[in-house]
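The next block holds one structure in the form of structure tokens; read it before the comments.
In order of appearance the chains are A, B, C, D, E and F, and numbering begins at 1 in each one.
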Amino acid sequence: MVDVTAKSVTQRSAVAHAFVKMSPRVLAAMRKLENPKGDPLEVARIAGISAAKRTSEWIPLCHPLPLTHIDVHPTVCKNGVEIRTQVTAAAQTGVEMEALVAAAAAALTVYDMCKALDKGIEIAELYLVEKTGGKSGDFRRDDRRHKNRKDQVTKRSPKR
Amino acid sequence: MVDVTAKSVTQRSAVAHAFVKMSPRVLAAMRKLENPKGDPLEVARIAGISAAKRTSEWIPLCHPLPLTHIDVHPTVCKNGVEIRTQVTAAAQTGVEMEALVAAAAAALTVYDMCKALDKGIEIAELYLVEKTGGKSGDFRRDDRRHKNRKDQVTKRSPKR
Amino acid sequence: MVDVTAKSVTQRSAVAHAFVKMSPRVLAAMRKLENPKGDPLEVARIAGISAAKRTSEWIPLCHPLPLTHIDVHPTVCKNGVEIRTQVTAAAQTGVEMEALVAAAAAALTVYDMCKALDKGIEIAELYLVEKTGGKSGDFRRDDRRHKNRKDQVTKRSPKR
Amino acid sequence: MVDVTAKSVTQRSAVAHAFVKMSPRVLAAMRKLENPKGDPLEVARIAGISAAKRTSEWIPLCHPLPLTHIDVHPTVCKNGVEIRTQVTAAAQTGVEMEALVAAAAAALTVYDMCKALDKGIEIAELYLVEKTGGKSGDFRRDDRRHKNRKDQVTKRSPKR
Amino acid sequence: MVDVTAKSVTQRSAVAHAFVKMSPRVLAAMRKLENPKGDPLEVARIAGISAAKRTSEWIPLCHPLPLTHIDVHPTVCKNGVEIRTQVTAAAQTGVEMEALVAAAAAALTVYDMCKALDKGIEIAELYLVEKTGGKSGDFRRDDRRHKNRKDQVTKRSPKR
Amino acid sequence: MVDVTAKSVTQRSAVAHAFVKMSPRVLAAMRKLENPKGDPLEVARIAGISAAKRTSEWIPLCHPLPLTHIDVHPTVCKNGVEIRTQVTAAAQTGVEMEALVAAAAAALTVYDMCKALDKGIEIAELYLVEKTGGKSGDFRRDDRRHKNRKDQVTKRSPKR
């Protein structure tokens, strides 16, 4: 485990992304809320938030961090569900893994909710979008790399 | 949560896949084991196994299942690390999510171990490869969809 | 811990109940979904399901049980939110605690979602409604003891 | 999840309450420590403390908080067991949920320890008694609302 | 992780042992229950039971097992506290690790409760006493290896 | 739970030790990495780190602490495996239990990896080596008490 004892506490944030590729048929079924398990996007949101808080249990060498904000934002697009997460903390190390874990858990939950309709659903583009804070400086991914998402059709309720 | 009370216990297995895209520079550094956190592939293997056992904690509507085998197998390829997982249980529902969660946790751990070298590493192709057992029948993904992996260069030690 | 080694595995089920007493003002705000944290009833449902699966972590002397079904059903009433849970398993001991833990976690989550509106919200009538299976025989609570709930006004979506 | 990033860290405390209604017969058996599982009040105390530390795992939108003190204090009364909990932390958000979770887990543990004697035991009056600290100001519940507790007959050992 | 899929479910049990070496002064203080944290032996008992249930979270390659009985039995001796644990399950693999984890957690909890009195307390003789069930046959440790324990002076309440 | 609210946050560290006594035959097998579960020392290292982070879940009255460094360092000796752990945090209470829990989990994992070869392996000398920080002052164990370890033969890779 990296020793962060001597680092100073600074404000950290990270944004991560995941994309759940889905066929129009599955997307349509999902949007009609006919799923017997509940609203997939809301369950995915909760799953992402819950997982982010426990990142240091999933990822062996992550430090436990006192997160002050976790936002998991799923959006229905023409060809799938885009997950965007944001995590914030005042800490001695960054929250990149927390944002990525939230995105992964949310995406896997969408899969779980829809797998009865299509077991072939693929999760792709799980990556860090940006981070701020810390000595290594800020990072911002080149947006042109986003290749899967087509025009989104449904905006979820405003940010929470 | 889907009610599986009336289902019979049968042998279930699932194979899942994830790919961590890495540049030759990061791959080379990783393979020299110069990483200060330990051997990334071994830590990823443990992370995947540990996460699979707790799938019902990460994915809200998954049933707790008595897994009898979890295998997490990372392979260094020319352009990244391929993760392949296999999970088995005698259960009333399938172990697809357990295999996928193992693959996601292992891939995210590889990211965590290498993010000091490159924060832009992307995880892709997180999907179910096959499942057997259960009333819905067997599933096998069309292999031609594997598009990222180039010829592998290093075979990890034999299956555990 | 009670030794259940010699008991035979039989089908077990339990139904539990909790009531979150709320003023008309808070109920109205909650039903308009103006809550910045999301839909309280859906978050409560997920919280209850997740907690039930981990009952043996919250209650020191509970056995870990392979639950096959968990249903958490919140209903908006005139004077609060009624939580009704049902849990099923084939096991050597009953699932009463699992049903009660689900009801408690769901009720506390409703409190958490609404506490910005009223910190004085009280949770009451947390009890077992019925259990079936096991050597001690079935149990069914006398319904007349339900005293808090007035006529319900909103039926949640059908059972999941 | 509410964003508390911009809030300042202040001293927070919360007191919560729960009441486990029990018949004289069950109370008498419990006090004779004839219970084969151990001393119910001591197990309940430990259960409450352990649960409070993991509140952010029970309640999906709670922040993980660095608790500095948790006290769970069960008192045998004429008609049941009263649970009183107190939680303290220096944090950016309050510890109300932690105190309530401790009270709920302790009360449910008393139920678990005594359910072989009476499955009809009911948990009531789970509420916040007071909170201090934070921008929303202090809160103190009107004591006259405590209706179930009769004169207590056994004082537990002094506060820990 | 060892693949136990093809193994048959049989009755398994394991007994483990740990010894917490303590000076007469610390032992005397502990037995007077002057410890501000509660009765160390009762807290240790609960800690051991709780830990055993989660063995597969502590020990990376352990399978999750449906334990049917856990007994943690601390005994005050002239020169310390002896912990003896017993675990039972019907499973495809043994419960040795569960018994050892229970003993370790109980012993560490005794240390935690008494460390204000003596930080130099040592835990020793953490080993498997016996196991039964499974294809590898029964195991029983040679008792003469127990070297630390002197005559016990206080028998704890009868087995639970 | 001890109330540490009024204590000031200071830098804390603790070093702990455990020894897994092993016969030359088992040691030789372990060092040849013929173990089907993986490299025992690396798995033990991860197990220790993961366990330390969750100390407040295993030990009922431990406070949750924001650890900034965990080091688990197994060394192969002539007659067993020595585990040495170091934990650091800026906190209101010490990290002794975290270091001891890491040592115990690592030692138990070595046992788990080697128990197919010898079920009689014993874990001994689980103790605190030193602690620094906090009002009670520093502690350093008298080294002559280390009795089991003979000359070490294999140094593990440099500290991580």
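Note that in this section a residue touches a chain if its C-beta (ideal position, glycine included) is under 8 Å from a C-beta of that chain, and two chains touch if they have at least 3 such contacts.
Being a predicted model, the structure only gives us computed values, none of them experimental.
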Co-neighbours of chain C and chain A - touch as defined: B, D
Of all other chains, the one whose Cα centre sits farthest from chain C: F
Centroid comparison with chain B (C-alpha atoms), farthest chain: D
Inter-centroid spacing, chain E versus chain D (mean Cα positions, whole Å): 29
Averaged-CA centre spacing for the pair chain F and chain E, given as whole angstrom: 18
Whole-Å gap separating chain A and chain E, where each centre is the average of the chain's CA atoms: 41
Intercentroid distance (Cα basis), chain F paired with chain A, Å: 34
Overlap residues in chain D, where contacts from two or more other chains coincide: 1-2, 36-38, 43, 46-47, 50, 54, 57, 60-61, 64, 66, 160
All chain pairs that touch each other: A-B, A-C, A-D, A-F, B-C, B-E, B-F, C-D, C-E, D-E, D-F, E-F
Residue ranges of chain D in contact with chain C within the complex: 1-2, 36-38, 43, 46-47, 50-51, 54, 57-62, 96-97, 100-101, 104-105, 107-109, 111-113, 115-116, 119-128, 131, 136, 139, 141, 145
In the complex, chain A residues that touch chain D: 11, 46, 49-50, 53-54, 64, 66-71, 88, 90, 160
Partner chain A, residues of chain C touching it in the complex: 36-39, 42-43, 45-46, 50, 160
Chain A-touching residues of chain D, taken from the complex the two chains share: 1-5, 7, 56-57, 60-61, 63-66, 92
